[in-house]
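I'd like to ask some things about the structure below.
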Amino acid sequence: MDGKVVLGIIGVGRIGRLHVENIVNHVKNAHIRAVSDIDADKAKDWAKSLGIELVYPDYQDILTDPAIDAVLICSSTDTHAQLIMEAAKAKKHIFCEKPIDFDVSVIRQALVAVDEAGVKLQIGFNRRFDHNFRKVHDAVERGAIGQTHIVKITSRDPEPPPLAYVKVSGGMFLDMTIHDFDMARYLAGSEVEEVFATANVLVDPAIAEAGDVDTAVVTLKFENGAIGVIDNSRRAVYGYDQRVEVFGSAGCISVANDTPTTAVISTATGIISDKPKYFFLERYKESFIDEMKAFVNAVANGADTPVSGLDGLKPVLIGLAAKQSLHEGRAIRIAKC
Amino acid sequence: MDGKVVLGIIGVGRIGRLHVENIVNHVKNAHIRAVSDIDADKAKDWAKSLGIELVYPDYQDILTDPAIDAVLICSSTDTHAQLIMEAAKAKKHIFCEKPIDFDVSVIRQALVAVDEAGVKLQIGFNRRFDHNFRKVHDAVERGAIGQTHIVKITSRDPEPPPLAYVKVSGGMFLDMTIHDFDMARYLAGSEVEEVFATANVLVDPAIAEAGDVDTAVVTLKFENGAIGVIDNSRRAVYGYDQRVEVFGSAGCISVANDTPTTAVISTATGIISDKPKYFFLERYKESFIDEMKAFVNAVANGADTPVSGLDGLKPVLIGLAAKQSLHEGRAIRIAKC
Amino acid sequence: MDGKVVLGIIGVGRIGRLHVENIVNHVKNAHIRAVSDIDADKAKDWAKSLGIELVYPDYQDILTDPAIDAVLICSSTDTHAQLIMEAAKAKKHIFCEKPIDFDVSVIRQALVAVDEAGVKLQIGFNRRFDHNFRKVHDAVERGAIGQTHIVKITSRDPEPPPLAYVKVSGGMFLDMTIHDFDMARYLAGSEVEEVFATANVLVDPAIAEAGDVDTAVVTLKFENGAIGVIDNSRRAVYGYDQRVEVFGSAGCISVANDTPTTAVISTATGIISDKPKYFFLERYKESFIDEMKAFVNAVANGADTPVSGLDGLKPVLIGLAAKQSLHEGRAIRIAKC
Amino acid sequence: MDGKVVLGIIGVGRIGRLHVENIVNHVKNAHIRAVSDIDADKAKDWAKSLGIELVYPDYQDILTDPAIDAVLICSSTDTHAQLIMEAAKAKKHIFCEKPIDFDVSVIRQALVAVDEAGVKLQIGFNRRFDHNFRKVHDAVERGAIGQTHIVKITSRDPEPPPLAYVKVSGGMFLDMTIHDFDMARYLAGSEVEEVFATANVLVDPAIAEAGDVDTAVVTLKFENGAIGVIDNSRRAVYGYDQRVEVFGSAGCISVANDTPTTAVISTATGIISDKPKYFFLERYKESFIDEMKAFVNAVANGADTPVSGLDGLKPVLIGLAAKQSLHEGRAIRIAKC
């Protein structure tokens, strides 16, 4: 395959298919040799249309294929840790969707397996590859705003997930805010040492019945003294609201939402501009491509992946602390890793 | 004085002079009969240039003047409560700068005196009269964004006050954030029932030595279920940063900073627009005029003032709870009034 | 009157009253001694409420009053030139509303009278004092955008004037675009040497019947090589649209419309912001005050006025050339003054 | 090739390669069978890397290949018309880069050949497929701003082309403004009936020596009564400035420049946001893909192409009239087609 990184994909539901199509169309130095899915039959036509001939019902066929360099784990969350351990044992480099698991000890076990195998692991925090957030990160890192004082993240979905999903999601902090916890670490360049969470059910009472919340404000204290704050809602009627702002001793950098166009219509009613891009598939389209390029390049060049296993563990620790804070009404310290 | 409200002003330092000049130039149905100041000599030329002949060193000369309908208390904070009580006894209507006092029992005593005298009292939370914030308030009130879910306030000063002031200011929460606590109540249309504060000294270590903080994030829970969050800094190098956002079930309304002009300069370096108006005198210029008009109209028409004594008490209660929260690392409930 | 400039106002219709009230409230070093109006009775109560005792039916009473330093000519356009000449003869400094006249020889005659009398003359092109446009002018003047290449002016009214006014207005180019011709000269820092006009009646056929146009694009060539373009409409349904842009060798500066607030409402329908301030009284409120301050200061300090008699003549020349261009379908050169 | 449209590409310089790569990566229902280039050797490795095996030095090999449905003419402008005629004769559908030719009779001859052959022809006015401009077009078409009154186009390049190119480009109006003439027709929904051009050399005197201009304002009159205005510069130091605005009886729609990110950095210096995307390859990236999809779909579905041969002729007529207007200093009428 002339120098290309050879990939196998485990799980081709929505996110797995997205990665596959992005790789085929945009990642020149990768080749997808095989995909596996528990419902392999359903995936065959789609795979063939992309030139992928091998479609297995059993992921073991991928792990045992010596031609495959690396795997993408895109199956359901409860299988992630086990698959990481098996893939590591099979000496495959690993890209795994977030979260690794909701159980910290299970995550640690998976990370030990990765370390022992000496394979690469990248966790699917795609937003780090977004053009807007990366620009903020880079500006902060090069000191454009001086010392970081306040990190603000607004993250609101256009609509709640199905209730069935809410029940198994691990709760909003581990399902939705987990992206923001990762973003907070990415932007602050410092670890979170304390969390306080306030939350409520304001969008849909059924979410309360499912044992979850739908509206939250979470405050973070970072090791470098900065303070972070995240506000979440499961339903913003105007669309996917994804903004961040980092304030520091020498200034402030913020990013607004992306919109489909820059059009502004002025009428007798008012001045009207575009709503944000609808949801993550539209908003983070390019970031999904760029995270794949980054993973493939890390494998190809023997470099570190840009989102490590530890980066997969930390947001889970913060999310669990946020849950505890919500129940106890006090700030919770995060254990050092 | 043909139907005009006759005023006496107690204390003509910076804010007192501002009110006097605004009334002379912009409040047609008011007449300033006298001002008093402990340093009356210093005020005479200035007063005369505005057509004010009576300049007393002793405020008693104002309180005992039967021609005066109402007084403005613009002296130092430690005199506010006592002056309110004396003015109430003298049956003068009262406009008093914020805060009434740092001691809740002293405030309550002053409010009882006002109630018993049956005079009007307006507290100087001028930001309620700002064109931007009023538009947000009115939109929320008429239901334009549905039920309120999240209230966000960004309030950052361009530079810290002198250290000497910091030491007697009551602390950032009672000196600076107190405006934001008032704004939060104004925008949410609901009382705060719980507070959590995180803060740090990141701007100037001397502020820590003075026993205060300079950077903070404060989370609020409202009785109606909404969540509020305020972020403060004593120094934003780009100027006075005063923004709010209210998010609800049917949308979101936000206001950005006001700028001196709408100019945008595009050069090889970048696209550059104006910094915010520098500080409160520039930013809230119109609001100071409008709060005077509102007070004078309330007196003239026998109507309620738009910012009551209770509105003066509540933010102090929240500020004190924020201080306690900061020390104890837990959410603090606000006592009902 | 202790060093104040003493003024008499000739004509207290809408614009005259605006100037009077601005002077009373905002121009500290001026005193209005008298006003005259052909309907003096109607003006008496209003004048008295502002502390102006002398209200004459005959403007001669103003011109012959030795206590008066300067006059404001705010009567109808057809009286401007004659009043300038009489006021000059009476050795009064003169502020005159635009336009001086529609007849170039009449204007020249008035300017000669002013020169011979050695009095000051300022023409009422108030937009030069607008905060936005002044910022553009100053940036261009200090070289922020290098050599000027293109000057663009968008100037659209929210609604056409009454048809009766259209008929005596001198036509859109001399009534409305005249402000833009002045702005073009002010921003380009160079004289217009050639004009080409395209226009149409698209807003209201009755305007065609009155012999005028309501929609136009006018192209200008400046002596310094720059090109200008103005677009006009008599009706922008979203309000008063007043923007300029100057593009040069080192960049571009543009100003957008001013709005009542910075509020943005995001709903399921769209992202909605404020319409521009409604019309010139709201939009140019501050500029009217600042042009009065500038005139009074020029008189007080013996300085040149910032908008000279020649500045009053030039836009009329351009406007007449635009009319000719529209009829002849070709570019028309402007005679040098 | 299971239903795919089979393509041959004539000329694989910069724009030809761009189309080829876009088709390979993004146009699922097309297959590129062959490319030709006078320097075929140079193209071989590149073609092979994209899976294209057939690389001819002679375009006749493409025209005579019965497996090929359609050709893309991406060679130099002077070959366009001849190649259109030959391709039409060979019964290939045709996509041809703009302009067809600088000689109207040559263009007409080519269009006759296309008509007689009954093949499809699409001209490469890619900006019609831009997300921003399409949104403006669609809003105008559905009546969102009522009757069109004014169409404004700002089109400024970040830097002039090489002088060697300027000399053979046909002049700025036929090389650069031609896109804007097409955009004006696209947005106004009406034909241009009259043109007036003003222009100058302000960017680089060498452009004058090459017989061209580098700064221009062109006024258009449309058959529906609307007025258009285009302003051009060969050098905007802040990048590629591509904006349009359509003003009508019920409102106004405008689009601003696209930027790499939405980031805003606030510092003591000012509030700084991103410059526009640098030049057409970045700015119109998606539009190039979408014009290919549109052409392939038209061929696949037997539908009309969205940019016809007449759409290729009209802007040339307008551009020639603009040149004449510039020389004669008067408005020039466009002949009806």
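We call the chains A, B, C and D, going by the order they appear; numbering starts again at 1 in every chain.
What we mean here is this: a contact is a pair of C-beta atoms (placed from the backbone, for glycine too) under 8 Å apart; a residue touches a chain by one contact, two chains touch by 3 or more.
Remember, it's a predicted structure, so these values are computed and weren't measured experimentally.
Student: Could you see whether A-C or A-B has the larger number of C-beta contact pairs?
Tutor: Ranking A-C and A-B by C-beta contacts puts A-B first.
Student: If you match contact pairs by residue number, which of C-D, A-D or A-C shares over half of them with B-D?
Tutor: Among C-D, A-D or A-C, the interface that shares over half of its contact pairs with B-D is A-C.
Student: Can you check how far apart chain A and chain B are, centre to centre, with Cα atoms defining each centre and the answer in Å?
Tutor: Spacing between the chain centres: roughly 43 Å.
Student: Roughly how far is chain B from chain C, centre to centre by C-alpha average, rounded to an integer in Å?
Tutor: Going by mean C-alpha positions, chain B sits 40 Å from chain C.
Student: Between chain A and chain C, tell me the centre distance in angstrom, where each centre is the average of that chain's C-alpha atoms.
Tutor: 58
Student: Would you mind listing the residues of chain C that make contact with two or more other chains?
Tutor: 236-238, 250-252, 266-268
Student: Of all residues in chain D, which touch chain C in the complex?
Tutor: It is residues 147, 149-150, 152, 156, 194, 196, 198-200, 202-203, 215-217, 219, 221, 225-229, 231, 233, 235-238, 241, 247, 249-252, 329-331 of chain D that touch chain C.
Student: Given the complex with chain C, which residues does chain A contribute to the contact?
Tutor: Spelled out, the residues of chain A in touch with chain C are 236-238, 241, 266-275.
Student: Name, in rising order, each residue of chain A that touches chain D in their complex.
Tutor: 25-26, 131-132, 135-136, 139, 144-145, 250-258, 260-268
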